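First chain written, first letter: the chains are A, B and C, and each begins at residue 1.
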Amino acid sequence: MFNRSFSISRLPGFTTIAILVFVMLYLPIAMLVVFSFNSGTSVAIWEGFTLEWYPRAWANEQVKDATIRSLIIASTASVIATIVATMAALATTRRKQTRGQTFVYILINQPLMVPEIVTAVALLIFFASIKVATGYQGLGYLITAHAAFCIPFAYLPIRARLEGMDLTLETAAADLYATPWQTFRYVTLPLVMPGAIAGLMLAFVTSLDDVVITLFVKSAGQDTLPTYMLAQIRRAVTTEVNAISTLLLGLTVIMLTAFFLLTRKRN
Amino acid sequence: MSTDSDRLERQRNRNGWLLSTPALVLLAFGATGPLLIMFVYSFLEPGKYGNVIWEFSTKAWFNVFVQRDIFDGTLSPADAHLTILWRSVKLSLMTTIFTFIVGFPTAWFIATRPPRMRTLLLFLITIPFWTNLLIRTFAINQIIRNEGLLNTLLLKLGIINEPLLIIYSDFAVFIGMTYVYLPLMVLPLFASIDRFDMRLVEAGYDLYASRWQVLKRVIVPIVKPGIISGSILVFIPSLGAYVTPRILGGGRNMMIGNFIELQFGQGRNWPLGAALSVILLLIVAVALVVYVRFANRGDSNV
Amino acid sequence: MSAQDGVEARNARKVYGTGQEKVVALDNVSIVIKRGEFFTLLGPSGCGKTTLLRLIAGFETPTSGTILLDGTDITYDPPNKRPVNTVFQSYALFPHLTVAQNIGFGLEMRGHAKAEVDSTVEEMLALVRMESMADRKPTQLSGGQQQRVALARALAPQPKVLLLDEPLSALDLKLRKEMQSELKRLQLETGITFIFVTHDQEEALTMSDRIGVMKSGSLLQVGSPREIYTRPADRFVASFIGETNFLTGVLGKDAITLDAGGTLPLGASTQAKSGSKVTASIRPEQIRVIETDAPGSLPATVTESVYFGTDSHCHFALADGTEVVVRLQSPASGDVGLSRGQNVFLRFEPGALMVLEDQA
C-alpha cells in the first residue's frame, strides 16, 4: 500500500501559495538588481553584463548631492530620535502605569497611526508659515520631520529591552553608594545600549527610505535620494535608478542583518 | 513614612515628564501639532497662488461633497471627489482581502516549519518590509510596464500579440499595493498562528472535522486577533497610499493621497486638501476604533 | 465477538527525526486490545505511550507496521475518518466555543441534525454532571470541570475506542480519586474500549482490566493487574509496579538458596535451570517481622524505620548486607517498636518469592 500519510498541520494548497508568495516577493526585486548590471537600457531584454551604471550614477552631480543629503538627514535625525526616545523609554517603562504615561505612549506612536500623506500635508502647511516668517530654508525642517517620525521606530526596541531588564540591578547599584547619575552611566546605559543601537538602525533605515514626507517638506533643490529617484521614475526609467536601488537595498539588508543579530543575542 | 514615599513617587513622575519632554516637543513640532493647524486651515479661504487667506470659510468642507455648476450655479454631488474616495476605499479593501487570502497560507506555512527554517523565512518576509517602498513599487513597475519583463516574455513566447496594458490602471495599483503591503499582513498573522495550540487542530480532526472545517471552525476564529491586526495594518497605509498609485496608477487613477497632493500643487486649494486630509484621518480613526472593539472582544474569548 | 475485534498494533514502529537526532519512540510494538476493555498503558516518561496513542488516533503514521480496528487496516486513515476519539492531556478544549458547543462539535462535523446534536449534548452534560455549565467558555471552568467537558466531548460521537492520555494528571489527589471512579463508571455504562495512559501505578492497578507496561519504546509485559503485580516478568516491571525487594541466590528444585543464607520455597515454577544463579523478588507487604527464629525465616538487623501514616516502611540488612524493605501497618501509637540496630527475624510468606524470568 502506498503511503498516504496524514499531516496535521498541513492545509491543502497552503504550501503552494506560500512558495508562490516567496517567489513573487523576491522575483521583482531580484530582476531589479539583475538589470542594474544590464549593458543595455532595457529592463526586460538582457544585453550583457556591465558595472558601468554604478560609476555613472555616482558621476551624476544630482545623485551625489542627493546621497550626501540623504545620509546627513538620516544620521542626524536617527541620532536625535534615538536620544529622545531613550529618555522617553526610561520615563515610561518599569513603573506603575499612569494616565500621563499612556498619553506619552500614544503620542510617541502617533506617527505610526496617521497616514504619511496626512502628516506630510500638515507639515507642509506648518513649515510654510515658518519659512515665510523666518526666511530660513535649510535642512532643519527635514531633520525635524524625520526625527519626529523616527521616534516610534527607535522607541520600540529600547522599550522592549528595558522591559526585559532586571530592576534590582539599579537598586543594587544605589545600595552600593552610586549616585543616580553613576547608576545611569554604569548600570542602566550599558544595559540599554543594544536596544538603543537597534533602535538607531531602524530609525536610520526608516529615515533613509522616506519619500512622502520629504517630498512635501523639502525646499527647492533639497532632493534626497528617494525623491530624486521618484522624479526619475516618472520621467523615464533609467538603469541608473536600478543601480541606486540595488545599493540602497544592499544597505538595508546589511542593517537588518545586524539588527537581527543584535536582538537575537539577547534571547 | 507615607509622605516620604509619596514625595518619592511625585519626584519620579516629575522626572518622568522631564525625560519625556524632548520627545514630546519634537513630536509636537514634527507630527501632532501640525495636524491641529491643518484642521484650522480646512476652515480658511484658498489663496490665489496657493496657501490661504485668513478668512473663516466652510467652503472647503462644502466642496468635498457638493459642487456648484460654473454656468448655472446648481448644486450636485461632487462626483470627482466621491469617485476618488470610493476608489481609495475599494482598492484598500481589495488589497486587504487579497493580502489576507495569500498572507494567511504564507504565515501558516512559516509557523509550521522547524525552528531554524522558520527564523529564515521570517527574516525573508521582514526584508521587503524594511526595504524602501519606492524601490519595491519601482520593481513592480519594471515587471508590468508595457515594455516590461512580463510583456516581453509573453510576446516572445507568442502567447500575446500586443502588450497587455496593465500599468496605469486600478488593477496595477491593486497589484502594487498587495505587493508592498503583504508583509504587514503576514507578520501579525504569523504572530498569532505561532501562539496557536496545534493540539486544537488535532482535536478538530479527532472530532471528525474535515480540513476545511478545521480551518473555518477552529483555526480562523482563534487567530482572529491576528487577522484583525493584519487587516488594519494593511488597510490604513493602503488608504493613504501615495507613492504606489503615483507610480503605477498614472495621472488618471488617483487615490485620495494623490488628490490631496494635487490640491497643494496645481489645484491651489489648500483648504480643500486640508479638509480631505481630515476626512482621511477620520476614516483611519474609525478603522482603529473598530479594531480596538474587535480586539477586545477577541480577548474575552481566548 | 470475533478474534480480531478491538484495536491491534502489528509491529508498529515509529522513528522521529533523522541522523543524529533520530529517536526510536516505538520499537516494533505488537498488541491486541479487546473490545470493551479498559486497557492501561503504563511506563516512565518518554517510553512511547503517547506515541502509541497518536498512531491509534491517526495523528501520526507509523514508520512501519500496521494499526487495525476490528480487523480492518486503518494505518493510513486520517483521524477524522476513524471512530476513535481522544481525551487530550491538556484537554484541548476549543476556547472560542461554549461547553455545549464543544461537546456537540463532533456530532455536528459528522453532519447530524441539530435536534439530535442538542439532545446528545444534554445527555452528555448529564452524564458528566455539567448541566449547569453548558453556556460557559472553557476558560471559566476549573481543571476538573474542563476534564469532564473533554471527556463528554470525546464520548458524544460514540466512538468505538476512547484514548485517554494522562487525563487526570493535572488534578489534585481528591479530585483525581473522584474522577477515577467516574471514568470507570462511564466505561462500564458505555461499553466503549478505553485505552488509558498513566504514570501512576496505583491508578493503573485499580482501574484497568489489563495493563501494558512499556519501557524505551517496547512493551515489556501485558496482563491483568494481578498478574503484573504478582508475577512481574522482569526486574523493571517488578520495581515499576509497586515496591519490591530483590534477592539473589542459586536455584534448586522449587526452592532457592539465597546468597544471604537459608533456603526458601518458591511460589511458582520457573523456566530457569536448576543450579543457575537467579534473582527473585518479594513485595514488602509479604514479609513478617518476628522476634524468634522459625523455619523459613532469615536473621536481619534494623537499619531504618520510616513512618508513612497508615503504614511504616522498615529497612533491614540481611547477613550478607542485602537491603530488604518490609511494610508494616502502623499501630495506634504510630510507633512500630523497632529501633536501629535491633536483631530480628524476617519470615517470608510461603509462595511469595518469585524468580524473575529475565536474568540479564
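In the analysis below, a contact is a pair of C-beta atoms (placed from the backbone, for glycine too) under 8 Å apart; a residue touches a chain by one contact, two chains touch by 3 or more.
Keep in mind it's a predicted model, so treat the numbers as computed, not measured.
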Need the graph distance between chain A and chain B over the touch network, please.
1
If you tally contacting C-beta pairs for every chain pair, which pair wins?
A-B
How many angstrom lie between the centres of chain A and chain B, each centre taken as the mean Cα position?
18
Please compute the C-alpha centroid of chain A, do the same for chain C, then give the distance between them in whole Å.
59
Just how far, in Å, is the C-alpha centre of chain C from the one of chain B?
58
Give the residues of chain B touching no fewer than two other chains, as numbers and ranges.
202, 205
Overlap residues in chain C, where contacts from two or more other chains coincide
58-59, 78-79
Shared interface positions of chain A, touching two or more other chains:
8
Please give the residue numbers of chain B that touch chain A in the complex, ascending.
12-13, 15-20, 22-24, 26-27, 29-35, 37-38, 41, 51, 102-103, 105-106, 108-110, 112, 121, 123-128, 130-136, 138-143, 145, 147-149, 151-153, 179, 182, 186, 198, 201-202, 205, 211, 214-215, 236-237, 239-243, 246-247, 257, 260-261, 264, 270, 273-274, 277, 280-281, 284, 288
Quick check: in the complex, which residue numbers of chain A touch chain B?
8-15, 17-22, 24-29, 31-32, 35, 42-45, 80-81, 83-85, 87-88, 90-92, 95, 98, 100-101, 104, 107-108, 110-111, 113-128, 144-145, 147-149, 151, 155, 202, 205, 208-209, 211-212, 216, 226, 229-230, 233-234, 237, 241-242, 245, 248-249, 252-253, 255-256, 260
In the complex of these two chains, what residues of chain B are touching chain C?
197, 199-200, 202-210, 213, 217-218, 221-222, 301-302
Spell out the part of chain A that touches chain C in their complex, as residue ranges.
1, 3-6, 8
Listed in rising order, chain C residues that touch chain A in their complex are 58-59, 61, 73, 75-79
